[in-house]
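Letters A, B, C and D mark the chains as written, and numbering starts fresh at 1 in each.
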Amino acid sequence: MTRSPFAAVIHRKMTTMEKMLSLIIVGYIILVATQSASFFSISTLFDLIRSGAALTIFAFGVLIVFISGGIDVSFAAIGIVAGYSAVLISKAAGVDDILFIIVVAVAIGCGLGSINALLIHLHNLPTLIVTLGTASVFHGAMALLLGMETFTRSGVPQSILDFGSARLFTVGGESGQAGLSIFLPLVIGVGVLTWFLLYRTRIGRSVYALGSNAESASRVGMSILKTQLFIYMYVGALSGLAGIVYFSGLAYINPAALIGTELAVIAAVVIGGAKLTGGEGTILGTVLGVMIWQLLQNTLIHLGLDSSFQDLFFGAVLVAILGFIYFRQRQANRRALVFSSN
Amino acid sequence: MNRFTTFLARDKDFTVLAITTIVVTFALYMLLGQRVFSLAGVQSMSIQVSEFGLLAIAMGLAMLTGGIDLSIVAAAGLAGVMASLAMSGQIIPVTEDNSGMLFVLGVVVALVTGLLTGLLNGLIIAKLSVPPILATLGTMILFTGIGMAITTGNSVGILVGGFSDIAALAIGPAPLVFVMLIVVFVAVGLTLTKTRFGRRIYLFGENDVALRFSGARTERTIIFTYMLIGIIVGLAAIVIIARANSMRVGFGESYLLQTILAVVLAGFNPFGGKGRIVSLGFALVLLQTLSTSMTAFGFSPYAKNLVWGLMLLVVMVVTYYVNRPRAKVRRPRDMTGGLVAPTGTFPTVRSKAGAR
Amino acid sequence: GDGGDAGSGDDDGKYRIVTVSKVEGITWFQRMSEGVDMFNDEYSDEVEAYQTGPDSGDPAQQVQIVEDLIAQQVDAIIVVPNDVLGIAPVLERAREAGIIVGVTEATQLVGTDSIDYDVEAFYNAEFGAGFGQQLTEAMNCEGEYATSVGLLTSESHMEWLAAANEYIAENCPDMVNVSPTPYENENDDQVSRDLAEEILSAYPDLGGYLATTPSGGSGMASALRDKGRQDVQVVALTLPSVAGPDLEEGYMFAGQGWDPAGWGWALNDVALRMLKGEDVTTGTDLGWPGYEEVVVDGQLIIGNDIQQYYPGDFADGDYPF
Amino acid sequence: MPETNPAASSPLLSARGLEISFGGIQALRGVDLDIAPGEIHCLAGENGSGKSTFTKIVAGVYQADAGEIAFNGEPAHWHHPSDAVAAGIQVIYQDLSLFPHLSVAENIAVNHMMQDRSPIISRKRMRAIAKEQLERIGLDLPLDAPVGSLSMANRQLVAICRALSMDARLLFMDEPTTALTHREVSRLLEIVLDLKRRGLSIVFISHKLDEVFSIADNISVFRDGIKVGDFAAADLDEVSLSRHMTGRDVTYERYHRTQDDDRPVLEVKELAREGHYTDVTFDVRRGDILGVIGLLGSGRTEMALSLFGLNDHTGGSIVVDGEPVTIRAPWDAMRHGIALVPEDRHEQGLFGKQSVAVNATATMLERILTSVRTLSPAKEKALAQRVVDEMKVNNRDIATRVSNLSGGNQQKVVIGKWLFRDPKVFILDSPTVGIDIGSKSEIYDQIHRLAREDMAVIMISDEAEEVVANCNRILVMHDGRILRTFQEEEIRAEGFRDRLDEIISNPDDQDQSEQQEVAR
């Protein structure tokens, strides 16, 4: 192998969208830094990394579904159901081991994902409708079967607490120590794995092919069922993992969490350049999309905004950024004689 | 009658939904009887379905164009806040004499605010080409933010006496707000089927490029659609503030996902061009009876979600089997379940390399 | 209140009393439902009492549920409103339908036609001042502090906070509130945690933090634990099981709260008394600690269940709830 | 009937009694067909006669309702297209079946990727395969460019490369030349003959009869889902083949302008659009049919779109009936009496899931209003019926979904929806691509009639034959400029068609010779 996957990722030219997002991110960071001296710190960086971990893992899953031409709104429910069940199983079995918990969560996520895939494929149903339905069903079934007991720090398995507080290294600073969470290599690992699957494996290319032209995919002999199973099981697995990461990061297990945050993840992925029409979307773009979202969400205090103005600011900036990005794209489309609206 | 049966046979999606609604309602009636389906019970359901139903129509309109409007609830919130402010005595003192005038003002403010929110959405979507899901997500946060900035989160109470009568009045046995919903249903239904504008909404949803090549003002169509959505949202805001006699940012948030659920349950294609207002009526009835019955059973809200989700899946799967050709499956399946462009079309991603 | 005809609308002659929580499935209201269940068990031959509620803190859903309950002609409805003004009209309609209506955290409705009674675990001002007292104690009467509430729209949170700020301003004028408008933690664990981290980074000199939600307090405690800092004193509304470890490990200075189970019990108890036509007067014992001698002022029924939690209270890891 | 014995040796493919229906439409009725090893077998027939359907059954895309297929002497039961691929059948589908978002290399090598069965893909190998195939047909394309960014012609060539990349024994080519120009077509036909020499069997489908006759060994004719006969190519000529296909004699009338009002309806002066075309000047009069021909990428579509308000020009002016006009949007164009039938029928012309009636009236909604300005179903029906009658759309039921019509009839609907707006200038961009000879001649007749009724027509086309037969003036465009202009006398000259083909195929030579002319 002459080029490592890393090299390939980095050497690739950035897409226009990625360039624009990077610019916006840099610009925004500079803006915030001029407003708040304490913003530009290693501790802020590490905090953002840790708190964005689960979101990023979810986003990778959502990206794959988008590339395949679908929409998934069940990932949050799957993440919670898989994560919560895994914790209960670990408690019941008395196995307090993070690997065990993750494996169980991933397995359950895969299982739930396969239900999505089968419903979608066997009945030829729109993915939005299926996942909208299964999200309620999965979460509702969990509430009925397993209950909705929350576990506060005192009830959280020790291994989850340890996982959440594990640090690669810690640097001391004036405002306390800042530790780089073990989530970072995990997220990078998931990103590289996702990248590898998408770009270097047959099944990954089938995902693009499916989103690009489903009929053609079938004609060249790709198995649509297998591809759909791969997509939704992988998304399920990532969701299960993200569920555990989420619980670990907070050291608090709440089976009502995350539900309702789907739109944020979807927005981050779409901002990152994925198209609802399928076939398009990159890992880097997704990461940038998540970063923008995280930054906008977590810098309002630094900007010194009164909290009753936070949504106003957030909404206005978001609309402005979107308008800027898409208006430029519209003009480029016009020059290239692309007539479709969005 | 004959025409009716051929209609049912042709629109199988509608038939499945209608039959499901009737069967489920009947089954619940057998189980719960007068406890839920008394006159008072049905009136109560019809009141409840009103504000939610208006929002669902708005969502349905967005989906017909192939878009989605995530800002409807936030926009209704903003319209409600503005209208409530007008009638709160905080800006114009409420007196005996001017309360009639303020009543009218409140209604106008709600409708105009709704209209403006729709206009903004329409402009961002049509003139800046921001995908509707992102545009309306942005404005959802923005509208909430404006409401928040104005009220700092406080409830705005309405001092104009009689405004809440809107929610209490009835025409015969039918609550006024429900009659209002029916009127909007009919009006939107007629607009969609009987006017050029409605025709263009469907055509845009099906193929916006072909519509542009037919010489239609596609951007205007989109802007007008979102403005219509805005007006309906304004009406929803009136219903909401009449029922609550006040308004607060965040009121009705949970309606958002529910409206999407109702609209797709009604067989609307999330990618545009397909969906019937009549079906939406049935979907609303189905969801409302289920929801009310769940409360009667004393089930947890999660059970309600479970049942709603199951209902959606069941209706969709049954529809699939009913629509499936009797012979072997052969129609080139829409492998991703209708989520990719129709087969045979070939998205153009022309770049410099291709164009020249 | 008007007792109505005993056990109406129910086949087995029991009173149906339904408690509507702010949101189902979170610790606080799970504990409340335990109280309701205990009440139901205690009076199982007279009442059928249960708790329900929306799956999110959306006031509209509560209105819908109350609408349904009115149509089903239950005997009493108890609501912990998400939006006090917004739910008032539907409660009024419930009363018009002969249903006993009880609320809590809704003192604005006292004296209106919307309710029969309002049970409060304490005087809000007193409770809020308790926070102020804890924070001043924690910060030795000096330094910067920040505050957060669930939502700016949560009236009781804003009331407590106002009282706390007033207490602080009066007793320790040197303390500086860096967030005159409190931050919102949305009652969400992740938001609370992110908020805490951002506050810590934006205000390096912060000395104290007051949160009116359990998640707000534990979010800050987690952030502090993560950074190995104990220089920020956290005071929060909380439950023993949530705050216990944070208190013991020194990431939280003190907490305040009340027992939601007792809340649920007391609310139901008053409903039953009213249904049976019994009077609730100052000094009545509602049968739960903190409500042994309630103070009645018109529709307002006030208990005394302010609980303060300090390190050492739960050293053995045994939490009452 | 001069039935020929298809092959002395046992056939490579033999189909017996194939039947299939879609909903109510019986697309194939009892089709028997044999393909001999090493032959080029052409399928001919009108739009919707079942050629592609036959192809798809053999390729495993559809399962026949009845009938059998034997491949290489063994019964073939394909459940999935991959079964057919594995057996050695390759298809260039009519819709190309490419992946617009995947790269050129991947699109070409995708079959190999599927066959390798290795879960990990080798990009190196993919690029090597793609490169080899591109070189083979003498094409230089960026391997990493997404196919969606290519021109239609290049896409078609990529699809061809993909099919050629496999060692197939039987190759189906379903209208592989629709987007190709003369030069590329000749190259392709050479390759086809070469493949035949190497022992491949090829089934070639085209509506361009000259292509068919230049390579076919045998020709099978389909009509309405029935195979009406197998013929040796040598026994047929264009006239007799057309008769077999359509059941009548198809003739293309030449168009002659008869009007004597020579004032231009539309004058285009030095029109330019940066990066698209420059210095385009011409005019059309009532009754003109102006042919615009050139290689792909010559700027014709871009220019047409400018006249229709969808590609803002950056220089020059447009004059209608002597008045300078501003056209910034389609409705401006329409207001000035300009109509456009777009290049891409499916994407730009049709609402596939809607009825014929809805499609036919989409441009004229104001014509079907009641007195209270609501849509009148009765008027809609009447107007749509008029369009259908006028355009001679085969399917008379205006409630049919337009996607269920054959290509020719779809195109008639697209043209028809402008008819009753009475445009002054009617621009038709490649109006007969993929359309059968019968429908073609009907469409030509319509165009002639419109021109005779004083419309000015601009017809963009890739086919010299088409413009020569239908146009009384011709522009040759190349690289965004007008290369040559021909008037009626020149067009009617002997051998003009070949001359035109020559110019189009070697426009750059033309450039030089012209410059030389100027220099002299």
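Methods note: contacts are C-beta pairs under 8 Å (C-beta built on N, C-alpha and C of every residue); 3 or more make two chains touch, one makes a residue touch a chain.
The shown structure was predicted, so the numbers you read here are calculated from the model rather than taken from an experiment.
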Highest-count interface - the chain pair sharing the most C-beta contacts: A-B
Intercentroid distance (Cα basis), subunit D paired with subunit A, Å: 44
Distance from subunit D to subunit C - Cα centre to Cα centre, in angstrom: 72
Computed distance of Cα centres, subunit C from subunit B, in Å: 34
Per-residue overlap in subunit D, given as positions that touch at least 2 other chains: 61, 95-96, 98, 100-101, 275, 302, 310, 348
Subunit B, residues touching no fewer than two other chains: 148, 152-153, 209, 212-213, 300, 302, 304-305, 332, 343-344, 346-352, 355
For subunit C, residues contacting two or more additional chains: 24-25, 55-56, 152, 181
Pairwise chain contacts, counting only pairs that touch as defined: A-B, A-C, A-D, B-C, B-D
Of all residues in subunit B, those that touch subunit A in their complex: 70, 124-126, 128-135, 137-146, 148-149, 152-153, 208-209, 212-213, 218, 222, 257, 260-261, 264, 269-271, 300, 302-310, 312-313, 316-317, 320-321, 332-341, 343-344, 346-352, 355
Residue ranges of subunit A in contact with subunit D within the complex: 200-203, 205, 208-209, 211-213, 215-222, 278-280, 334-335, 337, 339
Subunit B partner contacts - residues on subunit D that touch it in the complex: 20, 22-23, 61-63, 65, 95-96, 98, 100-101, 142, 145-146, 148-151, 154-155, 275-276, 297, 299, 302, 308, 310, 329-331, 333-334, 340, 342, 344, 346-354, 358, 362-363, 365-366, 369, 373-375, 403, 417, 480
Subunit C-facing residues of subunit B, complex: 35-36, 38, 40-41, 43-45, 47-48, 51, 148, 152-155, 157, 164, 167-168, 240, 243-255, 291-292, 295-296, 298-302, 304-305
Contact set on subunit C toward subunit A in their complex: 23-27, 30, 55-56, 152, 179-184, 188-190, 193-195, 197-204, 215, 218-219, 222, 224-229, 231, 239, 241-242, 244-246, 317, 319
